[in-house]
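Take a look at the structures listed below.
Note that subunit A is present in both complexes that follow, paired respectively with subunit B and with subunit C.
Presenting the complex of A and B:
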C-alpha cells in the first residue's frame, strides 16, 4: 500500500476517534450550518455509543449472513445439494432486491420495534454478495487439486475443510467485506424503528432542519464504512499471505 | 500384487472399459497405453475407486478393494496425476505430509519421512520444505507430487500421465528418477500414458487398450515380435519396431567377449544408443566399459543388427 494512502487512512481514523470522543470541540466547525441558534452538535444522545451500537448491529447481522450464505454455498456445491442451487439463488436475490425499508415494515408487526427488525433487514440484504462469492470461490478450486485430494484419501468433509474452504477463503472474505460496508450505510434506516444508531442523528436533523446534525450522522457513518472496508482488506491480506495465487 | 478381474465401466449405453482382466506382479511397473478415449484413465481410476466399476472386481494382495471404505483404500495407494495437483495453500512439506497426517502418524515420524523423500528427490529440505508450490519449477512440482504420493509408503503407486506436462529433458530425468525410486522402495507401479516411448522405457509389462478393450498385455519385446492385433502394431509403430526392440536391450546384456577399438559405451546404454553412436562415429565396433574403467566386452554393428530382428 502506498505510504500516502496509509497516512490518509490513519488520519481519517484519528479524526473519527477524536470527533466521537470529544464532539463538542468540533462545534465551531459545524456552527455555520446550524441556523436560528440550534445546537451545532447532536446533544440528544452520546455519538460514540450510537456509533458503537450501529457497528454492533451491522457486525451481528454480517455474522449471521456469513453463516447462512457460506452454509448455503457449501450445500449447493455438493453433489447431493446441487438441486437446491436455483432455489437458494432465488432466496438470496429476493433478500437483495426487497428494499430494507420494506423488510422493516414487514418485520415490525412480527417482532416489534428496536434492534430485531433492523437485524433481519440487514441479514437479508447482506446475503447475496457472500453467497455469490462463496459459490465462485468453491467452483474455481482447480480440478486437479480436488482430484488429488480425493486420490490421497481425504473424505468429502476433510476435502471441504482442508482444501476447498481455505482456497475459497479470499473470495468469501471479500464477500463479507462487501456485505459489511453496504450494511453500515443501510443500518441508519434502523432508527426509523427505534434501533440505536446514527440514523437517529440524521432523522433529528431532518425533523428540525438542522444540516449540521444530518452532516454529522452522514460523515461518521461514511467514515466508518470506509475504514471498515480498508481494515477488512488489510486483515485479508495478512490472513491470506500464505494462500498462493499463481 | 494387483488382480483385475473382468472390470467393466458403463455410462448408460456406452461401455468405456469392457471386461478387462490382468495381473500386476508385486514390485513391477505396468504401463497402460492407448489413444484418447481408449478407457485407460478410467481403468486406472477404478483401481483406487475414484470411479466405481459397473461390474468386475479388483484384488489388492488378494483382498477385494470394496471390502473397505474408498477413502481408506486410497490412503494405501499412491496417486499421481498430470499437472501434479499440489495444494497451493500448503508448503511443500505439508503437501508431502498429507497422507501420513490422514493416517495419524507421529509428528516426528512425519518430519523424518518428509526429509527423507525431499532428499531422495534431490530437493534440499532446508530450501524447499517451507516453500510454496508456486515457487517451484514445473519439474520440481512434479517431483513433489510423486514424493507426496509415496509419503505413506504405499504398496501400489498409480500414475495418470504423470510426465505429460513436462518438457522432453525434464521428462527423461523424471522417468529415470521413477525407475530409480521404484527400485529403491520396491513399489508396484501402474502408469497410464499415450507415449509409446515412455511405455517401452518404463514398463516391465505393457497393456495396450483400444475402445475399452485390453488388446494385449505382455512384455514390451513380445508386443513388437508377436503383436496380438493390428492395432498393437500400429501403436508400437511398424517403421520403428526394430529400433524399439534394440532400445529394450542394454549393451551390458549383449556385449560379446573380447576387446575392440572404437568408442566406449556404458553397459547401461541401450543397443539403440550404441548403434546410433557407431553410425555417427563411423566405427565398426564399440567397447563396453564400466564406470570404473573395466572393459566388459565389445559390440559390433553386425551383432547389434542381429538383435534387432525377431
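Presenting the complex of A and C:
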C-alpha cells in the first residue's frame, strides 16, 4: 500500500512537471473543452512562471507566518507572557472566522493592488493554524520532562531550544503544512487583485468561458497543494524519527 | 501595570497622534484629505471623546477587575463610534450626496485596540455560553439600532449602503441561502457517510482521501469546473433548467460549497462515533435495541457535540467562501466586494466585507456556545 502511494505521488509530480514544462503537448487533452476555436492551453502568459510566482508568494507568506506564530506561541507560554495567553487563544478563534477574501479586500486600500495584499491575506490566514499548533505543542510537553531538564541544570533558554521546541516540532510542522495547503488554494483569489499566479489562468477562463483554462489553473493548483502536503508529511515523519532516536 | 494594557494604550495613542481619524474625500474614488479628531469635532466633543478614551486607557493600564475593564472598553467604543458619526455630520455639507467621509486609520486602530481590550476582559470573566450569546445579541442590537436611527448615515460605508439598499437586502439573503443551503445538503449526505466510515473502517481511508483531494482544489477553480457540466445538464434536461440549474449563477456555487462541506462533517461524525463508549453501545444492544435504534438513540446523540463542531467549521467556512461565488454570478455579499475592488471604491468593499465578517463571527460564537452546552450536559450524565 505505501509503495503504491509513493508511485502515485511520483507520477503526480512527474505529470505536474511535464505539464508546466511543455504545456502545449497536452493541448489535444484539453481541446474538447475549449469551444469556438478558443486556445486549449493558456497563452497569455507562461504557466511555469505563474506557478512559480504563486508558490513563491505562498512560501514567503508561510515563512513569515511561521516566524511570527512560533514566536508568539513561545512568548505566551513563558511565565512573563502568560498574561497574553487567554487573549491570544480567543484571537486565534476569532481570526479563523475571517474569510481570506475579506482580508484580501480590506488589505487592498492599505497597500494597493498586486502581490502585497495577497501576501498580507495569506500571512494573516496562515498565522492561525501554526500558532494554535505551537501552543498545543508547547503546552503538552510533559511536566516531568521539564523538571528533568531543569534538574540537569539547563537554563530556561536551553530548555526551550533543546527540549520544548523539538518535542513540539511535529505539531508545529503540522500547522505549517495546514496553512501552506490552505494558502496555495487561497492564493488563486489573489489574482482578482492583480497578483501573479495561477488564479490569472482561472479568471481568464471564467471571463472567456473557456473551461480548459479553468481546469488547467485548478488542476495545477490542486496538484501543487497535494504534493506540498505529502512532501511536508514525509519531512515530518523523518524529523519525528530523528527526535525519537535522540 | 497590565502588560497587555501597555501595548494597547501605546498602539491607540500612536494611532491618534499619527493617523487620520477620518478622511474627507470630495467624491467616492479620489484619495482624500486626512483629518484629526480635533479638526473635525467641536471642542467639547473632542474633549469628551478624549476623556472617554483616557478612561478606557486608564482602565486598560491599572484596573484589575475584569468587569470594570470591559465597561471602560465599551465606553471607549461608544465614544469612538459617536465621534466618527459626529465627524460625518459635521463635515458633510447640508444636502450633499457626493462627498465621502471615511473612517481613517486612527478610527480602525482604536476600534481594534478597544475590541481587544473588551475581548480580553470578557475572556477573563469566563462567561457561560448563554451569557456570551446574550452579549452578542445585545451588541448586535445596539449597532442595529444605531444604524436604523441613521446615526452613521453620513459615513462613507453607509452612503454606499444608501445607494445600494434594495440590492443589499437581496444579496444578503442570497448569501445566507447559499451558505445555509449547501450546509443543509452537506449534512444530509455527510452524516450517513460518516456513519459508514465508522461502521466499515475499510472504506474510511478511501472516502476521507477523496474528500481531502476536493479540499485542495481552489474555490474559484471548482466553481469554474462545475459550470461546464451544470450548463450541459441544463441544456439537456429542460426540467433541470426550470429548477434554476444553470452553468452560471447559484447552482455551481451551491454544488462547490456542498463538496467542500462534506469533509469536516464526515470526519467529525466518524470521530464522534468513535468516541462513544463501547459499554454504552453494548448496553443498548443488551436492552434489545435494534442497530438503527442504537444509532439514532445512543450513538448519534452522544456524538452530537463533535458532529456540531464539524458543522461549525463548515458554516464559518461557507459564509466566507460564498464571497467568491460572486465571481461566477452566484450573487451574495461578495458582489459588493468584487465590484468595489473593480472600481477601487473601498467603501463598497467594506459594505460587503463587514457584514460577511460579522456573520461568520456570530455563527462561530453561537455554534461554539451550543457545542459547549451539549458537551457539558453529556459529561454530566454518567
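By definition in this document, the second predicted complex is superposed on the first by the 237 of 246 C-alpha atoms of A that agree within 3 Å, B and C clash if a C-alpha of one lies under 4 Å from a C-alpha of the other, contacts with A are read in each partner's own complex, and residues count from 1 in each chain.
By our rule, a contact is a pair of C-beta atoms (placed from the backbone, for glycine too) under 8 Å apart; a residue touches a chain by one contact, two chains touch by 3 or more.
Just so we're clear, the structure is a prediction, and the values are computed from it rather than from any experiment.
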Subunit C versus subunit B on the shared subunit A, clash or fit after superposition: fit
Partner chain(s) touched by A:147 [first = subunit B, second = subunit C, both, neither]: first
First (subunit B), second (subunit C), both or neither touched by A:33: second
Partner chain in contact with A:175 - subunit B first, subunit C second, else both or neither: neither
Arrangement angle, subunit B at one end, subunit C at the other, subunit A at the vertex (C-alpha, nearest 10°): 100
Which partner reaches more residues of subunit A (counting touched residues only), subunit B or subunit C: C
First, second, both or neither for A:87, with subunit B first and subunit C second: second
Touching partner for A:100 - first (subunit B), second (subunit C), both, neither: second
Minimum distance between Cα atoms of subunit B and subunit C in the superposition (Å): 20
Subunit C-facing residues of subunit A, complex: 33, 81, 83-84, 86-87, 89-91, 93-94, 96-102, 105-106, 108-109, 181, 184-189, 192-193, 199, 202-203, 205-206, 209, 211, 214-215, 217-219, 221-222, 225-226, 229
In the complex with subunit A, residue positions of subunit B that touch it: 48, 50, 71-76, 79, 81-89, 98-99, 102, 132-135, 145, 148-149, 158
Touch list for subunit C against partner subunit A, complex: 2-4, 116, 119-120, 122-124, 213, 216-222, 224-225, 227-228, 316, 319-321, 323-324, 327-328, 334, 337-338, 340-341, 346, 349-350, 352-353, 356-357, 360-361, 363-364, 368
Complex contacts: residues of subunit A adjacent to subunit B: 142, 144-155, 158, 163, 166-167, 242-246
